[in-house]
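Labels for the chains are A, B and C, by order of writing; each one numbers its residues from 1.
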Amino acid sequence: MSEVAVEAAAARGGVMWSTIRRQPSATIGATVLVVIAVAAILAPWIAPYGVHTQVGPVFGQPSWSHPLGLDDGGIDMVTLLMWGARISLVVGFAATLVSMAIGGSVGVLAGYFGGRTDTVLMRITDYFIVIPDVPLMIVVAAIWGPSLFHIVIVIGILLWTGTARVLRAQVKSVRERVYVKRARALGAGHTRIILRHVLPQVAPLLIANTVLTVAVAIFDETALSFLGLGDPSRTSLGKVIENAFQRAAISSGAWWAIVPPGALVALIILACSLVGGALEDSLNPRLRVAHLSARTFRLRPLVGRGDAL
Amino acid sequence: MTPLLQVEDLHVWFDLAGGGELHAVQGVGFTLEPGERLGLVGESGCGKTTTALAMMGLLPSSASAAGRILLDGKDVLAGGEATMRPHRWVDVAIVFQGAMNALNPVRTVGAQIEEALELHGVARGAAARTRVGELLESVGIPAQRAGRFPHELSGGMRQRAAIAMALSCEPKVLIADEPTTALDVMVQAQILELLDALCRDFGLALVLVTHDLPVVAQLCDKGVVMYAGRVAERAPVDDLYHRPRHPYTRLLFAATPDLDDLEQPVASIPGAPPRLDRPLAGCPFRPRCDRAFDRCETETPALTAWPDGSEAACHLDAAVPA
Amino acid sequence: MRGADYVIKRVGFAIVTVFVAVTINFALFRLAPGSAITDLSRVPHATPELRLALKKQFGLDKSKGEQYVIYLGQLARGNLGVSFANEQPVWSNLRTALVNTLPMVFLGTIFSIVIGTLTGVIAAWRRGTPVEAATVTTALGFYSMPTHWLGLMLVIIFAGVLPTGGMTNEFLLNPSFWTHVKDLASHIALPSLTLGLVLYGEYTLIVRSAMLETLGEDYILTARAKGLRPWRIVRQHALRNAMLPIVTLIALSLGYIVAGAILIETVFSWPGIGRAVYEAVLQRDYPMLQGAFLLLTISVVFFNLVADLLYFKLDPRITE
């Protein structure tokens, strides 16, 4: 019986890899993410210069030794981007982890227990969905004071609503499947059933959702940093943009200090959206035959009429 | 004399998502005279609905078609969408499966019928609304229900409204694609009776697409039995019923429950129809046929005429005993 | 009357949501450790008179429960407190800002809905063609860009062509009516365009998938069978049904619009609510921050309610 569950989960894990391999958009997205992540992780070893080292003039122009020029402190932009991506990704993933823990628990509990638990949890979710999260993040971050840890917690506790809803629906349907019922009939406890039978089933959807949430978390971190609520001691990509904006990179004509960090954030978010979207589509296919589109059916001459009959 | 509608050597292919194609309809042909009723019968997936859609040019963009569809002697398939559209609803109308939400949920039933009337210049404004009332009355719906939305009507009522809409431009041919699926038995009988009466009153020619051979026997003049995208047998209903030439026809009759004797177990046909995404060798029905012999494995039977006018695609010489 | 229950339910939900927001607001500012308002020593610009006035007005010397009741009472009277920064009532500051924000956000949103719907419909209609791929990729690209960064990119591109900051040219003295309007229009162009572009990407994706879903519905086949021309089917049958999910999803993107407004007003120094939030953060002007958060939440709740009622109007199937 537990073999059944494990097998099904493995098959669904297969769906994920095959999506990433077969869907061109997912392949591109995953490749971009891996390249950026590797560069970010290896930043301390492979970054060409020190992240606090002034290597040239303020807003030094792009050159062979500094392909993306220098920032307002004369720091090499390529180095800054690698370190910035590092912090942004850490914030993105850590906040998503918090959000998944909350959203996942709410969704699984509501879907699994149903009834009053479901009603109460979903009602709370409904209120949280309506309350605009960025202003609330600003308020909380402003009161708590700027630190990386605060940002992670703030983003995490405000992003969970979508996850909770998606998971609840999925858990509801999983719950009805035979082996969960049988596991219950055999006297397994709720915790065991949830961990051994329900979670493996909803894991792929949770992962698709995680990837999409990372994109939102990175966006939010960039926004908070821009409003001066970022951690002053850590250079995230959002911080790099804010610095360039505050130090008038634009009026100084130093486009290289402000275009690349934003483009990199956009690239990360785009890649996450591509991968997450493709995963969601293949787990939950909604495409059907369109009865109407710009193209119509085609006509074909009958060749080899003889063998057709 | 040219028949009203003539389908000749119709083929339909569908592109498959993972490459390759599915040959859904493989050389189907039949004719329809004015006022005549034809039943298109077969299990699901045999190509009967695809044939019906092809007759109105309603195939999706993943499809390609070949062959001829002659309406009053003129090939309407030849120009694709462009030559098909002028005939839709004016000459040929269709009623879809009862299970489908064939009516737009956010518009009233009356508005949807009126739309057809105005589009084809049958009536306009107040005259159109009066006509909508008459049409609804003719299918047994009180005229004042024209202002209702589809979800406010029962399944049977929705199907009646769909029939009223199909009749709005007084077509010559009505295609009914499984019109009673998903309705309960009482309502099924009423809808079939209604179709019967309307065809008589309006002098409509009917193409009834169904998996239910006895219904065809009851309602139609002739039947076309389809299997694996091909015509297995084509004959007047009397011959189909009393002297089925193809083993598939006989097994289809056996597979339907006898309403007079529900105690008797229903003999379903064992096995499943062949996949149509690759070429077939021999007779497509052979794996499920109780009378197959060696010739069936190598040679695909062609549709051959019997002296009494029925035609079957089967290598058996004698008529299959009923 | 059809769906009176539905309307009452939705209005009730909106009221409760506002109440929840008010309570969160209270809790955040008063109960949290090191809470900003109780700790008046953290207020940089407060004169002793102001502190005394605040203390009295909000009963800061009383228990938390009593404070909550007083807070609700003051709120009911429209008293959001006094800004630490300019010592004006918060509400009068916010009212001026709101008047400035609305046209900018309105223009941008209209732009994005129009362009997003158009490109979304085209993408669905041209499914599986390079047109769809190009439309979707462009939309995803704009959707992925950080809002403020896109604003800055437009500043780089349009610097010298359009004004990149403020709402009016302060060197225009006693301008005629039309000069003033032209001046305003040129200032509003870039902020609105930024918001429009960021939202358009999201709306294109929403409209495309809603349209694809609808084009697969059976009644589209019926409409074709009736002999309707394709574009008429799109307009009269598909779009009307696709509007339903679109309305819901646009309502859900309201929070995104608010976030966009804050970032954009910061980039372009647009004197609206967003700019007020930014300045309140910089100066730790907590009453302003609290008031702005409440106002933004109430606007989002209100427009959500509008969307709910619109949905109700569009879909005859809703009865309760």
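Brief remarks follow.
The definition used in the following text is that contacts are C-beta pairs under 8 Å (C-beta built on N, C-alpha and C of every residue); 3 or more make two chains touch, one makes a residue touch a chain.
Worth saying up front: this structure is predicted, and the values here are computed from it rather than measured.
When every chain is reduced to the mean of its CA atoms, the largest separation from chain C belongs to B.
By C-beta contact pairs, the most connected chain pair is A-C.
We define each chain's centre as the mean of its Cα atoms; on that basis chain A and chain B are separated by 50 Å. Once the centre of each chain is set as its mean CA position, chain A and chain C turn out to be 23 Å apart.
Spacing of chain B relative to chain C, judged by their CA centroids, is 53 angstrom. Counting only residues that touch two or more partner chains, chain C has 217-218, 221, 223-224. Looking at chain B, one finds that residues 58 touch two or more other chains.
Each of residues 289-291, 293, 295 in chain A touches at least two other chains. Residues 126-127, 129-136, 138-140, 142-144, 215, 219, 222-223, 226-229, 238, 241, 245, 250, 255, 258-259, 261-262, 265-267, 269-270, 273-274, 286-295 of chain A are the ones that touch chain C when the two sit in their complex. Against chain A, the residues of chain B that register as touching in their complex are 9, 11, 13, 26-27, 57-67, 77-78, 80-81, 300, 302.
Touching chain B in their complex are the following residues of chain A: 289-291, 293, 295-302, 305, 308-309.
Residue ranges on chain B touching chain C, taken from their complex, read 56, 58, 85-86, 88-90, 93-94, 96, 100-107, 115-116, 119-120, 149, 151, 162, 165. Residue ranges of chain C in contact with chain B, taken from their complex: 217-219, 221-229, 236-237, 240-241, 244, 314-317.
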